[in-house]
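Quick one: the structure is below, and I'll ask about it shortly.
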Amino acid sequence: MLAYIIRRLIYAIPILMGVNLITFLLFFVVNTPDDMARAQLGDKYVTGEAIELWKETNGYHQPLFFNDKEEGLTALTETIFFNKSISLFTFDFGQSESGRDITSDVSQRVWPSVMFALPTLLIGLWVNICIALLVVMFRNTGLEKAFVISFVGLMSVSYLFYIIGGQYLVTRLWNLVPVSGFQTGLDSFRFLVLPVAIGVIAGTGAGARLYRTLFLEEADQDYARTARAKGVSEVTVLFRHILPNAMIPILTNIVIVIPMLFMGSLVMESFFGIPGLGSYMIDALKSQDFAIVRTMVFIGSVLYIIGLIATDISYTLVDPRVRLN
Amino acid sequence: MMNRKATRYLAATLTTAILLTGCSGPWNNPHQESSVNQNQTVYYTNFQLPPQHFDPAISYSTDESMLIDQIYEPPLGYHFLKRPYELEPLAAESMPDVRYLNTNREEIPSDSPDVTFSKYTITLKEGIDYQPHPAFVKNSEGGYVYLFTDESETANYRTLSDFGQTATRGLDADDFLYQIKRIADPHNKAPLIGFLAQYIDGMSELTAELKTVERDGWLDLREFKMRGLERIDERTFSITIKGIYPQFSYWLAMHFFAPIPWEADRFYNNPGFKDNNLTLDWYPVGTGAYMMTRNDPNREIILERNPNFRDDFYPTEGAPGDKEAGLLADAGAKVPFIDKAIYSLDKEVLPMWTKFLQGYYDRSGENHGNVTQNFDQALTIGPEGVELTAEMQGREITLSQDVKPAVYYMGFNMLDDVVGGYSTEKQKLRQAISIAWNSEEYIEIFRNGSAIPFMGPIPPGIEGSLKGEAGINTYTHDWKNGKAVRKSIEYAKQLLTEAGYPNGRDAKTGKPLKLYLDVQAQATSKSLEDWQKRQLKKLGIELELRATDWNRYKEKMSTGNHQMFSYGWLADYPDPENFLFLLYGPQSPVACQCDGNNNANYDNPDYNKLYKQMKTMQPGLERNQLIAEMLDQVRADVPWFTGEYPKEYYLNNQWVSNTKRHGISKATLKYLKIDSEVRKQKQAEWNQPNLVPLVAGMSIFVALFVPAIRAYRRRQKLVINTDK
Amino acid sequence: MKPVILWSDALLFILLAAMITFIVNIIRNNQSRERWSRVFHSRLGMSCFLIILTYIVIGVLDSLHFRKAVEPVEGQEQTEVYYSSHINSVLDLMLGEMGEEKEKTYSAPFSLKSYSKENMQDEQGNTYRAYASLKHAGKHLESPDDKPLDIVLQSFQALLMGLLISALLIAPHSYWMTGKNGIYPWKTAYVTLTIIICLLSWMIHISSLYHILGTDKAGNDVLYQCLKGIRTAMLIGTLATLIMMPIAISLGIAAGYFKGWVDDIIQYLYTTLSSIPGLLLIAASALLFQIWIDLNPDYFATGLEKGDAKFIGLCFILGVTSWATLCRLLRAETLKISQLDYVQAAHAFGVSHARIITKHILPNVTHIILIIFVLDFSGLVLAEAVLAYIGVGVDSSMHSWGNMISAGSAELSRVPAVWWNLAGAFTLMFVLVLAANLFSDLVNDAFNPKTRLEAA
């Protein structure tokens, strides 16, 4: 197992390099170092010298990929790409273009993101499973049909609508929770309850529907039929037999999502003013802060790869037949 | 099982209720009231974007000025109430004493043709001290306590509050000079380094010298001399600038010229501080009315009263009408009135606005995002201009407005083959478009009246912009019934015919005239584009929009690769020179191959001559005459065809007083007054939670289980029966 | 008139052609015909199909673009015919003046007056404030009090017209069907069709008299904008998948079939792409495309063409971000199929790779492609709204529901609220997505009885 994980981690290196290259290309085809300097220095009275100075002190004065003034290998190392990439791989994120320490910002902002995303995931999972079980219990009745159609109906509403509608009703008309913002500690409950509720409701349609099919598949298996034939009540069949078996695909599907929770939700965070990583990234894109964008993409891909590895491991844990090699 | 689930829901509901009621006051209060001392007067507001810089040498954005201008005090400032804007001494005891020098730096009269330098001598007020700060703390031997040589010693210091002790020291004239040298230091990346070097004597030489200096950590700028700076005694210093630049006084009212104590600079250069964001760019050290006690740009920034603030008093005189508006009720009282100002991060406009209406923000309008979108709902255009809607009046919200010294304009590229050029035909073409483009309607629809239609490059309230009939643009407007009325479309069509485009067609070929407007992709919308196309359609001209991102937009401007464009200018100081230079020929980016500001590439020799003449003149009648001539020239040539002068507002909740919008200065927090009692009462009144939907929702949810359980039981029985 | 074919039109026509060939193939092939007929057996499937078909027809009509000739001015000689830079579509013609009837600014649905008071001047030149009358609403009325009655009467008239048209359409078919014991729920189809036609006829008739959904900030008819949004939504839902499909299919099959280093490279490619946060990739690429367009202005004669190019760019990027899923599925399936005996046998007989892929593998993975196509559709339509909110959505020269929704959220907080923009876009979007979701469920059930795809 350990050998497998190590090997997968080594495989991750070329992927991260690829990601880094793509970020770099996408960013610098759109922006030049001059643009970045202007974005930082403002538009008024900025002289060419000021821009050159900025580029030099921030390390953007070199060529992007190939330095034809240098000989041999230094032609590749004395470039923006090399110098900016090398520090990333040592997890030294350095400073943003405006001079803030990125690591401290990220470690501060990750918590609000997680505090929103984790409850949304867990409560959503719980609600979806409950509803799906309920529907399975009433399978082949009118109730089931009504539920399934309403799942599809819920799925067909744009995510933005849940947010706009929920925010409008709960905060503007009913004054139940603050419109937006964030506070630490116990107080955070008031700020998170609405976004979490909206997140859960918005996910119910798709989630409950998926789990319903998973449960239904198990419900027709021989072991379930046998249990019923023995006179076990439907509730016991559902909870003792079907639920544990269906949990395996549900949980293995969720493992890949968990690392991404740290990245935060972009739309939710900006609507509800949660100072998490999602809004951090958008701010950086808007202010053309390459150092932050690059770091966030890098962290994102690392988390994604961790998710992939964790999924594979979780398969072996739930199913002894699967071997990692 | 169902019962168990139901109990679980019940439990969840109960916990929710308990948690919610556990908080004092209304449920939707976004502030943490418990963290605030009840005896303090607190002002609540927000910031929209995490500020990037608090270093007065670097910061150059309105959002940041909102905060640091309360902390740093430059030599001069603006009078809070008087309009037109008036400079007054702030850290200085009196206005600077200006002398004129020749090449040998000998004093000569100001009207002499040999003037090559102007020398500004500034004397400071007595008894100004810095805010308490760890940088000033000395031990019994007189050495500084918080000076470290190694990173390991500083690992425990993460924020400014981790330093146990603070101290202060008196302001010295040298601190002002230190800051100017900091601007010159290329290491600090000051945006104005290039611009100020054109004026301040010796600045570029110092920059060149500092570039070559090897540095390790802190560089003591006191050891470097700069030719134009002189410390006369501890309260007096002088700055020498090149040539005559009467507007330099206005620069002295900006935070770039605020004092920085060298101790602070050295303190923040302690090893390892930078990694914890302990920098001057992050924790300001000033002499102003407030000091920053918490800086968490991801959540909130807190300013608190500076205990060492000098004696400062509320102004005793104001503009006409201020007394009636109650703005002089506190005349002569000691400022500041507020103990603490809490700025929370709130990016989106809608939540910001909602919180203001709920009473959680005291004022609305401190951020510009508010102006564009939400004043829509608060303001209507009454017969007398903008007024508050009935709903706002019902809440006793007050409005304070001011015309910003800014102009948003749309112009032609004068180098363009179709719309550019200085022949009579081209002038008429541009005039026709200028008439057809109904800026009054634009302001009504898209700005809800919060702007004044364009009449020329100088906004109202700035010298040179005239009131009433004398101030209208006679090429686009007529004066009727005491009002400026836009000329008719028929007249514009006639001009267009004379320009060689009858009905918008080329007189020779019949080809429809098609024009291109470059816009910024972020700043446009479908409805705006539709409206814009409709303006030219009135003349039969087709308009095509070219939306691009900001960088490309700038690039088009600098290469002259545009036909029509829109742009804006926010003046640094309220002087016509700061607007008229936008049309000065050599400022054209195409001509100077630089980042010039004359995006229209307007280059009229007459205008250029007048501008050069007017630039060095002292304000007065003579200068005003020149300005009138220049305005007339511009109006005939029409390099800019439409635009507006934006207004700025504060909407104030009823418990806020002493608030008057100042178009330039942001350092007005010290005058603001808040009645916390009224606020508390109104907040409670306005934010009664409506529990009905919550309870109803819960009941429906529970009620749904009853038939479900029944159906389940029935079914369970049914199965058993058939089995048997 | 001069026909204009935008790039997206061309792609849409290709898609249509492909669909037609596909349908012809289905009818020829017994097995798939049987499967498809299962979809249409259900009444739900039939009505959903008709609803989607209506959207498609509107979308296609809106894709037949042309430029109107500019009429010469009297008394002026004109050697050449010039065309307006404004691009119209057949749909515009069918909707009559709906797109041209512009008011000054907001007005509520069915309102005769503007939404907010305006400054007006009486004869003496005094300013007063009142609600201004709209230019294009209720002009035929003699007095504003007649409005409710008039709406009822006119609606009645329009519905009658609709019923008549539907009767004309349905009668021959039902006559032809009599006696035949059809398995399809024709009655449901008739009812759905009648409802759709009545609705359309009502809309076209009434909208020539009133603004059914009011007007937006710049005074444009909201219903017209909503209808124009259909094309954008249909295109974004289909083109994104269409554009990425060739890449995903060829790479997915290649990876599964050739294995070895080909597989390694392709796996590397999609892992790398999918590990970049999707939204960042979309935002950056959209900007990139925008810049390419800015740098090559000569390729695009009008603003709409430019917007169109940007739109295709967006579809492409959306395709690229969703490419990995299909590629992975196809790879897995191909791996499985290429182990089967008959494929192994074909190898042994020396059949070429190209032939094995086209004859044995491709036909056996079509159902996956089909299912992904229908499943992705609604997700993409919904995604557009989120993209518009973030500011990387469809170009503002095109009508889109996403842009309407993101503008509408701010309008909702006006007092009194401007809800019609949001409501219009929401309703049309909801109906389309709901129909598509229900339909794709049926397709999925019919073609995918056992194998469970990783539904997202």
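The letters A, B and C name the chains in turn, as written, and every chain counts its residues from 1.
As a working rule, a contact is a pair of C-beta atoms (placed from the backbone, for glycine too) under 8 Å apart; a residue touches a chain by one contact, two chains touch by 3 or more.
Predicted model only: the values in this text are computed from it and were never measured.
Arrangement of the chains shown, judged by which pairs touch: all-to-all, with no pair of chains left without contact. Farthest chain from subunit B (centres taken as the mean of C-alpha atoms): C.
With centres taken as mean Cα positions, subunit B sits 35 Å from subunit A. Inter-chain spacing, taken between the CA centroids of subunit B and subunit C, is 43 Å.
For the pair subunit A and subunit C, the distance between C-alpha centroids works out to 29 Å. In subunit B, the residues that reach two or more other chains under the touch definition are 350, 354, 549.
Among the residues of subunit C, those touching two or more other chains are numbered 287, 291, 409, 413.
Multi-chain contact residues, meaning those touching two or more other chains, occur in subunit A at positions 30, 172.
Subunit B contributes residues 349-350, 353-354, 373-374, 376-377, 380-383, 389, 391, 441, 444-446, 481, 502-503, 505, 507, 509-512, 514, 521-522, 524-531, 534, 542, 544-549, 552 to its touches with subunit C in the complex. Looking at the complex, you find that subunit A touches subunit C at residues 14-15, 18-19, 22-23, 26-27, 29-30, 149, 152-153, 155-161, 164, 168, 172, 206, 210, 213, 217, 253, 263, 266-267, 281-282, 285, 293, 296-297, 300-301, 304-305, 308.
Contacts from subunit C toward subunit B in the complex involve residues 70, 72-73, 76-80, 82, 84-86, 102, 104-105, 116-119, 125, 127-129, 216-218, 220, 287, 290-291, 294, 297, 302-303, 306, 391, 395-397, 399, 403, 407, 409-410, 413-415.
The part of subunit B that touches subunit A in the complex is made up of residues 1, 5, 16, 19-20, 22-23, 26-30, 32, 49-50, 52-53, 60-61, 186-187, 189-195, 274-277, 279, 281-282, 296-299, 344-348, 350-351, 354-355, 358, 360, 549, 551, 554, 572, 594-595, 597, 687-690, 693-694, 708, 711-712, 715-716, 719, 723. Taken together, the subunit A residues at the contact with subunit B in this complex read 30-32, 35, 38, 40-50, 53-54, 57, 95, 98-101, 104-105, 108-109, 130, 134, 137-138, 141, 143, 169, 171-183, 186-187, 189-191, 193, 231, 233-235, 239, 270-273, 275, 279-280, 283, 287.
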